[in-house]
Amino acid sequence: MNAMPNGAILSAAGIHKRFGALVVLDDIDFAMGAEEAVGIVGPNGAGKTTLLSVLSGAYPPSAGTIAFKGDDVTTLPATQRCRLGLVRTHQVPKPFGGMTAFENVFVAASHGAGLGRDEAYEEALGSLKLCGMLGVANRRAETLGLLDRKRLELARALAAKPTLLLLDEIGGGLTDGEAGELVETIRELRRRRIGIVWIEHIVHILLQVAERLICMDAGKIIADGDPQGVMADPQVISAYLGGGPK
Amino acid sequence: MSLLSVEDLVVRHGLLQAVRGVSFSVERGETLALVGANGAGKTTLLRAIAGAHQAASGRVIFDGADLSGVPSHERVRKGIALVPEGRRLFVQMTVEENLLLGRTAGRPGDWSVERVLETFPNLKPRRHAKAGHLSGGEQQATAIGRALMSNPDLLLLDEVSLGLSPLVVDRVYASLRGLISSGTTIILVEQDLNRALSVSSKVICMLEGRVALAGDSKNVSRDEVTKAYFGLHRKAAGGVPA
Amino acid sequence: MTNQIVQGILLGGYYALIACGLSFMFSVMRIINLAHGSLAVLSAFALWLLASRFHIPPFLGLAIVLPLMAVIGWALQRFLLERSARGGALLPILTTFGLAIVIDNVLFEQFGADTRSLAPFIGSLSYDSWEWPGSLYVGKLAVIIFVTAVVLLGGLQLFLTRTGLGRSIRATSEDPDTAGLVGVDARRANAIAAAIAMVTVGLAGAFLGMRATFDPYAGATQLLFAFEAAVIGGVGSLWGTLIGGIVLALAQTLGATVHPQGFLIGGHIAFLIVLFIRLYTSGLGLGGLLRLSTGKAS
Amino acid sequence: MSTASPVIERGTVASRIAGCGVAIIILLLAVAPQFLSAGVVDRMTALFIYVILAAMWNALAGFGGLVSVGQQVFFGLGAYFTIRLANAGLNPFVSLFVSAVIVGTVSWPISLLMLRLRNGEFAIGMWVIAALTHLLVNLDRLIQGETGTSLISLNVYDASTRRVTIYWLALASMTALLAVLFGLLRGSTGAAIRAIRDNEDAAASVGVRVTGTKRLLFVLAAFGIGVAGALWLATAITFQPKTYFSVQWTAYMIFMVLVGGIGTFEGAILGALLFFIIETWFGGTGVWYLIGLGATALVFSLLLPRGLWGTLEDRFGWRILSVGYRVRLPVNASDTTGGTAPPAQVTTSREKA
């Protein structure tokens, strides 16, 4: 697959990632259009988070190229990709613990989105509000609970004004009510025409938002398409549960 | 008396409440399979039983003794051994050294380096190789062997077939069957449902920190487990379990 | 020239001795102990006190001082390092730096600014030498120190690989969490490792006192030597430390031949050059220089 | 939904009063030499230098997470370059500041190597740099090794002019450096600096330029400490490398910051004041004084790692010279969990000073 579909905002071709002898990503080809919402599922160790890290620039791929908005960003560090609008969240939230929730988000607005002071304030407050975090805006992040840290992770990424948001398991550990709020938040992002790639283990949450689903297993994409179809794919079921029907 | 009983156990992993009130018990000689999606809390549950996480509330009772506050190395001494997810071998050390470490607790029993090598013949030529240089199957065998070296009464196995080729998985499971028939009590986390059901006597499916389904391995259907696994059973029921 | 190289190599033995405790503690507990040098000087003063006040010769005095150092190491780990390490990576630096200041100045308060030496208490050993082929004169003490370093490093290596306790310590340094799961008491292993490290520091202090002079503020220099030798020696086995010590000593010897004040400068520059090469060729900057390579896959 | 938007507050009533207070204090300090004895003027000059040292080390370690035990290198170089420049014929007072600029410039290449080190390695690596620089300075014929030399060109001024000029220079330097530092830390760069301290990877992933920001901080701290070293030389006149390149200076900085409150702007100043008082009272006790300093630093790092001001700030919410941001929610906002809920008054989200 060398020719990328026209209008793809993000495309990755021939991505390999090895850690020592361990092959984590094995020839991944992936492209998505702007404003698309793509879910990624797959069993443990399938390479999902690694794929996200390679796409976001946390580390370079061992082979392959990545293009964002038509430019080759394969060797661009995460900082630069963020400034171009490709922003990620972390599976284990990484807040700036000594700073307040607002300050966390403000950093992203002023540096990631490159806004001036007043616009950065607006953007930061808007992101906090969208994620339901205004009430804890003045709390030091290290004093927040897991749920708020996850929300903060999302709010901070949003404040960097992404055109494409890479989400890594932001739904884990949520109650049903909380998960519902999260789904609403993500739907709002979609209305704002932000593209989304979302890795999630809690499939029923993901299915409420994703219009396309990718299933990975052992470093490869094994299914890609309509969510219901992918979840019914025997290959997907056996990737999770192994073997054929009992 | 059950060998192990877990009573309304709540465990936080970092800030996440990964296990949210789980109760079950395991009798001597039984094999319990624990299935569920990632993040369902299986690994945290096993680690809490092994003492790597302390319970936020609830109790783990082993051989009649409450284990609250007992650190992991003491639990090994009492007879609980964990084969951790991802094997967690000491990669700088040789296979033999890894195995010998399993003897630190000093529990009496039949297991020796020689016997482990008999049980896993593929390790024999690798005895002095660094654990970091082993293949996945050899690593898994070493990890199981290391746990066996403490002569445990209860063996906890976390994803022993992950990342292994089917052939190697077969071999690992063949040796597990040997252990089971020799009367070792086992709790097993396994992705492959068929395998899990085929070796176990009881099965528990976890979902988001709770027990979504518990039953006899012979009586549950694959379909039932699949629904519980993805949390689709409650959508179908149209409600939220209490 | 051959003479200088031989002397340099022998001096490297001393640096390996002082460095091995520092890198041992770092590889097990991930802590750089800034009081390392001061503790070596403390040991030297203890031996000096025993020798001058109670007429116990230094080599005999070690029988008292080394166990004492072991206790200090154990207590240090249990009461200071374990606690401060919980507060993140930066606190142990501040804690051990504070400790170094306390030790230095307590020594100053007790013993004053005079420089001391253990040389007067070891008889002719301090100046005796052997003549080697090629009319090479090598000090007996220098040879003893070098041999001690080799024996100590070898012994430590054997201890770590051949004994259960040694394996427990290595397991703890690789992965304290999993070590607990196989039955190793990680806290105990760390405390024992600290005790062992302090014994090597005590021995290094003894030789510092015998081969040269020392004063209450000599600890800082010893710490820098130890750090430089450990970093130059780099990752891997304890033998790397020996090589690091020898490289450092040779660079100092070379420096001294270039300029009368070039001894220390030569060592520091060698350290910076090695550092530069390591940082810009291997990308080790992120992983840490002293750390034994763990090769852990993510 | 409410029509009122939240307001970003940069200060409190207390901080506005404190701001005025600081301005008054500085004005008073500026005219103080008229009324103070020579000895007191000299001591006050020392205090200003301590404040600079504490603020700079705090910026580096407390805000940037870069703990260095080799900052004496910049202190010594500040003094050394002053000597060199004055010897070359430059006015000694001008030399002080040109010297600090050179120190800042020199720190740039040092940062290329040192900033790649982590934690303890950075700390002690800086110490090696300090030791090496000390030795190299000793090689300079002008310095005559450890014998040292003096800033003789200052002798053209009479003693009282010299004393008061240095006092004013120190006061002005302190004020200016604190202002620059405060401005930097309060601005978006300051937020980036703290973000890097808390999580470097996350900072990079939200668009913070990690390396450049760290370097800026490193160079600024080097410059500030260079100023302090040059000023110290001006008060002491004599330059002995051993004194200036002593690790004791870093020990003082650590003590001041650790006791005052690492990572808070007020903490460093408070720490410098406490240190100054302790030195004035106990400095005469010589070595016990130093033992006390070391032990206090040890105890604080173990038991009260946020220092006095940090603890007060946590306990009572005191903020005087805060570099942080507070969100004030409108009174009718639905959230009730917000820490501060004073009456709402503004409807835009413009900054309120």
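Chains: A, B, C and D, in written order; residue numbering restarts at 1 for each.
The working rule: contacts are C-beta pairs under 8 Å (C-beta built on N, C-alpha and C of every residue); 3 or more make two chains touch, one makes a residue touch a chain.
Since this is a predicted model, take the numbers as computed values, not measurements.
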item	value
If a chain touches chain B and chain D alike, it appears here	A, C
Which of A-D and A-B has more C-beta contact pairs	A-D
Label of the chain whose CA centroid is most distant from the centroid of chain A	C
Between chain C and chain D, centroid-to-centroid distance (C-alpha), Å	34
Whole-Å gap separating chain A and chain D, where each centre is the average of the chain's CA atoms	40
Mean-CA-position distance for chain C and chain A (Å)	48
Shared-contact residues (touching 2 or more other chains) in chain C	295
Interfacial residue positions of chain B with respect to chain C in the complex	50-52, 71-73, 76-77, 81-82, 84, 88, 90-93, 97, 100-106, 132, 146-147, 150
Contact set on chain B toward chain A in their complex	14-18, 37-39, 159, 162-163, 191-195, 197, 208-209, 221-222, 225-226, 229-232, 235, 240
Residues of chain A touching chain B in the complex	43-45, 92, 145-146, 149, 169, 172-173, 176, 201-204, 218, 231, 237, 240-246
Residues of chain D defined as touching chain C within the complex	61, 65, 67, 69, 113, 116-121, 123-125, 127-129, 131-132, 135-136, 138-139, 145, 247, 251, 254, 258, 287-288, 290-291, 293-299, 301-302, 305
Chain A - residues contacting chain D, complex	56, 58, 77-79, 82-83, 87-88, 90, 94-100, 102-104, 106-108, 110-114, 117-118, 120-122, 125, 128, 134-139, 141, 156-157, 159-160
